[in-house]
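First chain A sits with chain B, and in the next complex the same chain sits with chain C.
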Partner chain A sequence: MEKTLAKKSFPQWIKKLGSWSVYIPRKDKEGRWNYVEADGGEVGLEVLQTTLPPKKILFPQREVFLEFAMTPAGGRETLEVKEVLPDVKPTVIIGARPCEARAAWLLDKVFGGEFRDVYYWKRRDQTSLVGFACTTPPSENCFCTSVEGSPHSEEGLDLLLTDLGDKYYVQSLSPKGEKLISAAKDLFEEPKPEVKKQVKAAHAESEKKIKRQLKDARPIAEKLKGMFGSPLWDEESMSCLRCGICTYLCPSCHCFDINDEIENSSPLRGQRVRTWDTCQFPDFTMHSSGHNPRPDKAARLRQRLLHKFQYFVQVYDKFMCVGCGRCITLCPVGIDIIKVLDKVRENGA
Partner chain B sequence: MANIEDLKEEAKKLLREGKVKYIIGYGAGTNGWPAAPLFIKKHEDVDKLVWNPTCVHNLVRFLVDEKRRKARQKQPDKRPVGIMVKGCDSRAVVVLLQEKFIDRNDVYILGVSCGKTGVVDDAKLSKKMGGKKAKKVEVDAQDRFVVTTEEGTVEAAAEELLAERCLECKANFPVIYDVLSGEKTKRPLDKPFGSLEKIESLSAAERWSFWKEQLDKCIRCYACRSACPMCYCDECVVDSINLAVTADTTADEKAQRIRWVQRSAESSENLIYHLVRAIHLAGRCIDCGECERACPLDIPLRFLNKKLEKEAKELFGYEVGFDSALPALISSFRDEDPQDFIR
Partner chain C sequence: MEPNVYTPQLAKIVQTKDEVVGARAIKTFRAEFVNSARFDYRCGQCAMLSVFGKGEAMISISSSPLIKEYMQFSILRTGRVTAALHDLEAGDFIGVRGPYGNGFPIDEWRGKNLVFIGGGIGLAPLWSVVQTALLRRNEFGTLSLIYGARTAKDIVFKDDLADLKSQMPVHLSIDVAEPEWNEFVGFVPTNVLEKKPSPANAIAITCGPPIMIKFVIKNLKDLKFEDEQIYTTVENKMKCGIGKCGRCNIGFHYVCKDGPVYSWAELKKLPQEY
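Right, the complex of A and B next:
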C-alpha cells in the first residue's frame, strides 16, 4: 500500500495512535537525541541519529526472567518460582532510521532461530517500526550502502516514509503498517502518479550523499577466515580502552548475561535477570575456572569484528553490521571499523 | 603552545637507537575528530605525529595497558615507552610514580605545553560550528582558535571553545618530562573550582534529583573507568571476576560470592558504581576530564571528582600530581590534619 501524508497532518496521525506506546527521538538537556515515549508534546522529525539505537525498546538492557522466594510453609521452606513475561502494549517506534530497522530484522534472526526467545518476541510482536528514509546522512560516519543496506532500506520496517517537502510518501511494508495507516485513514491520500518518480529520485540522491565507504565487504568476510592469528588485531587494538561503547550502542550487538540478583538472603528472595553484556569487557564469557577465552584487547577487538563480518555471515549470510557508524563516531579513541577492515583487505595483498 | 616538530627529531632518535620500545603519541583521527592516539614503533612513522588542540586524550591510560602486557610476557622488554603528555596528563604520571605503579625508568616523557590555551571541548566545538565537522583546529599567534571545516575557517576566542577543565587548569605545561616543547608560562587562574559553584549552591534535595536524573542515564559501558589512568585495579569491584576459583571451590561458594554491585543499570547500582569510583579517585584524580569526555551520554562526572579535589585541597592542603616524592594523600597523615569529622 502506498499513500501520501501531508506534513501538517503528521501530529494528528500520532494523536490517533493514542492507545499505543509511541516512541520518538527527543533531545535531552545535554543536546543528545534519544528515543523516548512521546506522551503528547512536539514531534520533530529531523534527520538525526540518536545516541542509543531503538534496540533498547525491543531488547532492554535489563529484563526480568523470573522471581524467586523461599517461603516458610509448615516448618519447611519451599522455593517459589514465578515466571515474569513482559507485558507490553502495542508500541510504535516513529522515526527509526532504516539501518536501525534492518538491525531489528537481524535480531529477529538471532532471537527467532532454533530457539525462539519468548522475552524478545513478546515485545517484538507488539512493536511496529516506522522508518524515515535518510534524505541526508544522519552521521558523517554512515556507511550503510557498503554493508548491503541503504538510506531507504525496507527490512524490518512496517512503514517507510520519505520526505517530499510538504508531504511524506508512505510505503506500507507489512500488515502492521497497514494497521497504522488505518488508525487515521482520512489523513492519508492516494499518491499522484508523478510522486513515485520524485521518491525514486530522492532515494537515488540519498545514496549518493553517503560519504564513507567500506569497499569489498564480502571479500573481506571471506578473507577474515584466515586471519584469526594475525598480528593486525594487536596493532589495531593498542588504543582500545576496553569500554562497552562500540557494542552497547550498536543497533545489532545482542550479547547478554544472566544473573540472579538477590534482594534478600534470609529468607531468600530475588530475581533472575538478563542484562546486556559485551565482548569488550574483561570478564566476558570468563569461565568459572578462571580461564578467559579472550584474555586481551586484541582478542576482544577480533571477536567484535569477526562476529559481525565472519561468523554471522557464515550462519545467516548477512553482515551483523548495518553501517550506522555509531561505534566509529562515539569511540573515545577513534577506533574506526572501516579503517580496521580496510587493513584486513590490504593485509598480505 | 608546543610545536610537534620540536619533538619529532627526539622521537626519531629514540626509536632509531632503540632507547624506547614504542612511542605513544597523537596522530590523525579518521572518525570525524581530528586527533586520535597513535602508537609508533618505527622511526619512519614519526612524521605521523601531530599536536593540536584536538589532542584531548590522556595517553597515560596506555601505561596501565603496557604494565599488564609486560606482566603477561615471560621475558618482557624492559625498555621504557615514550609518551606524549600535556600538563594535566603529566600529573597522572606523577600519581602513578607516587603510587609505585610505574617506575620512572619505565617512561620517557615527551612533554607538550598548552601555552595560554589548551584543548577544545567537542560539544562546544560542534555547537560553534553548527554541527559541521572540524577538519583542523589550530591556535594563532593571538592565542585564538582557528577552526577549519569543509566550508572554510572560523575563528573563536580560546575561552569559547576550551574544555571546562582547561578553564580551571593548574598545569598548562608538564610538571615532569624528559624533553619539553613549548613555553613554561603560567596562566592566571581566578576561580580554581569555579565550575562547582552552581551545583554547590543547590540544596541537598535539588542535588539529589540532579544526580538521580544524570546517573539514571548511565548504561554502565564503563567508558569513564576505562579512560581513566587511575582506574588500574586488576579486578574492579563491579566486575564479576572477583572470586578465585580453585578445584575445591564449591558450587555454593561460587553462587554465594559477594557481588557488591549488580550488573543491572538501575538507579541504586549506578549510584554505587559512580560513588565507589569517585571515592577511589579522591586525592588521585588530576582532572584530565577523560571520564566525562568518554561518556556517551554526557553525564557530568567531572563534578564528582572536582568536588573531592576541592575537599582534599581545603581539608588537607593537598594538590594532586605535582611531586612524585610526596606520599599520596590517602597513605599519609599529619598531626595537624583535621579530625572534627571523627565522632
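Right, the complex of A and C next:
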C-alpha cells in the first residue's frame, strides 16, 4: 500500500496512535539524541543519528528473567521461583533509520531459530517500526550501501516514509504498517501519478550522498577466513581502551550476560537478570580456571570483526553490520572498521 | 504458552558424594526433577544448573540417558556457582535447564571398539558414554579406559572404577610417584603411548584438560588413528546455552549449541579459540 501524508498532518497522526507506546528521537540536555517515549511533545524528525539505536526498545539493557525467594513454610524454608515475562503494549518506533530496522531484522535471526527467545519476541511482535529514508546521510561515517543495505532499505520496517518537501511518501511494508495507516485513515491521501518518480529520484540521490565506502565486502568475508592468525589484529587493536562503546552502541550487537542479583541474603530474595555484555571485555570469555581463549585486545577486535563480517555470513549469509558508522564516530581512539577491513582487502591472505 | 528457554526446572538433590576433597574438590550430585518435569538427553549433552542467588553454570551430565530416575553431575569446585553447588546437600534444590549441545554420536559407533581416555574431571562427560556402552554392551566391540589424575587423591569415581575393572581393562595413572601406587606413573598422553590402543575398527573418545587433549590427540595420531576416529569435547565460558549470548564461539560454531562434542576432523578446521 502506498500513500502520501502531508507534513502538517504528521502530529495528528501521532496523536491518533493514542493507545500505543510511541517512541521518538529527542535531544537530551547534553545535546545527545535518544529514543524516548513520546509524551505529546514535539517529534524531532530533523534528527540525524541517535547515540543509542532503538535496539534498546526491543532488547533492553537490563531485564528481569525471574524472581526467586526463600519463604519459611511450616518451619522449613521453601524456594519459590517465579518467571517474569515482559508485559508489552502495542509499540511503535517512529523515526528509525532504515539501517536500524535492518539491524532489528538481523536480531530476529539471532533471537529466533530453534531456541526462540521469548523476552525478545514478546516485544518484537508488539512493535512496529516506522522508518525515514535518509535523504541526507545521518552520519559522516554512514556506509550502509557497502553492506547490502541502502538509505531506503525496507528490511525490518513496517512503514517507510520518504520526505518530498511538504509531504511524506508512505510505503506500507507489512500488515502492521497497514494498521498504523488505518489508525488515521483520513489523514493519508492516494499518491498522485508523478510522485512515484519523485520518490525514485530522491532514493537514487540519497545513495549518492553517502561519503564512505567499504569496497568488496563479500570478497573480504572470504579473505577473513584465512586471517585468524594475522598480525593485523595486533596492530589495529593497539590503541583500543577496552571501553566497549563500539558494541554497546551498535544496532546489531546482541551479546549478553545473565546474573543473579540479590536484594536480601537471609532469607534469600533476588532476581535473575539479563544485561548487555560485550566481547570487548577481558572477562567475557574467561574460564573460572583463569584460562581465557580471547586473552588480549587483538583477539577481541578480531572477534568483533569476524563475527560481523565472517561468522554471521557463514551462518546467515548476511553481514552483521548495517553500516551506521556509530562504532567509527564514537570510538574514543578512532578505530575505524572500514580502514581495518580495507587493510584486509589490500594485504589479506 | 510459549516455552521459556531461560526458565529452569526445579530439581531436588537426592544424593551427594565427595569424590575429591581439598583444593581441587570434586563432588558428585544426583538430582531428581520435582513436579514430574524431566527431559531426555543424549550422552555428552550438558545442563545449565542454577543455584539461586549465585547464578548458573554449564555442567556435563555424567549419568547414562538410559537411567531415568535421576541425573548425575560431577562438579569441580572452581568458580562462584560451583563453589555454591559444593555447599549443597541432599534435600536442597537447584534449577536445571537444557539439555544443551550435540552429544556423542554413539549410534554411529555400533560395532566399534571404544577407547575412553580421560584426565581429572574429564571422566565425568565420558562416564555417561561408558555407562551407556555397558548397558548396551552387545552393540559395541571391546571397551577400555585410560584415565589419570594428578595424584591418587584426585582420582574420581574410585569405587566405581574398581568395579569397572571386572567389565573392561582400566589403565590408571598419576602424574608423580606415590608409595602405595602400583599402576602407571606419568601423564595420560604417555600412558596412551604405553598402552598402545589399536586403531583397528576403533573410536577414541578423550576428555580432560586442554593440554592433555592436545597431546592425547598427537599420540593417537602417532598410533595411526585417523582424524575421524578421534572424538573430544570442548568447553568455553557459557551463559545462555543456546547460541545467543555470544561468548562460547570458536569461529562460527557456538560450543553450547553446535558442540561440545567434536571429531578431530571437525575441530582441527576451526580456529584454536578454546
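Simple rule for what comes next: the second predicted complex is superposed on the first by the 346 of 349 C-alpha atoms of A that agree within 3 Å, B and C clash if a C-alpha of one lies under 4 Å from a C-alpha of the other, contacts with A are read in each partner's own complex, and residues count from 1 in each chain.
As a convention for this text, a contact is a pair of C-beta atoms (placed from the backbone, for glycine too) under 8 Å apart; a residue touches a chain by one contact, two chains touch by 3 or more.
Computed from a predicted structure; not experimentally measured.
Once the complexes are laid over each other on chain A, chain B and chain C cannot both fit and instead clash. Within the superposed three-chain model, A:K208 lies out of touch with both chain B and chain C [touch as defined at top]. In the superposed model, A:K192 makes contact with neither chain B nor chain C. Residue contacts after overlaying the shared chain place A:S289 against chain B and chain C alike.
In the superposed model, A:D257 lies in contact with both chain B and chain C.
After overlaying the two complexes on the shared chain, residue contacts for A:K89 are found with neither chain B nor chain C. Residue contacts after overlaying the shared chain place A:G244 against chain B, while chain C stays out of touching range. Judged by the touch definition given at the top, the superposed model places A:Q61 against chain B, while chain C stays out of reach. Using the contact criterion defined above for the overlaid structures, shared-chain residue A:Q314 touches chain C, although it does not reach chain B.
Shared contact residues of chain A, touching chain B in one structure and chain C in the other: 257, 259-260, 277, 286, 288-289. Taken together, the chain B residues at the contact with chain A in this complex read 29-33, 35-39, 57, 61-62, 65, 69, 72, 123, 127, 133, 217, 219-223, 225-227, 239-241, 244-245, 249, 254-255, 259, 262-266, 290, 293-294, 296-298.
Of all residues in chain C, those touching chain A in their complex are 2-8, 10, 50, 52-56, 78-80, 82, 93, 95, 210, 235-237, 239-240, 242-252, 257, 271, 273-274. Those residues of chain A whose C-beta lies close enough to touch chain B in the complex are 28, 30-32, 51-52, 61-62, 140-141, 235, 238-239, 241-245, 248-249, 257, 259-261, 273, 275-278, 281-283, 286, 288-290, 295-297, 328-336, 338-339. Interface residues of chain A, counted against chain C in their complex, comprise 65-66, 68, 79, 81, 83, 85, 110-111, 113-119, 121, 228, 254-260, 262, 265, 268, 270, 272, 274, 277, 279, 284-289, 291, 293-294, 299, 303, 306-307, 310-312, 314-315.
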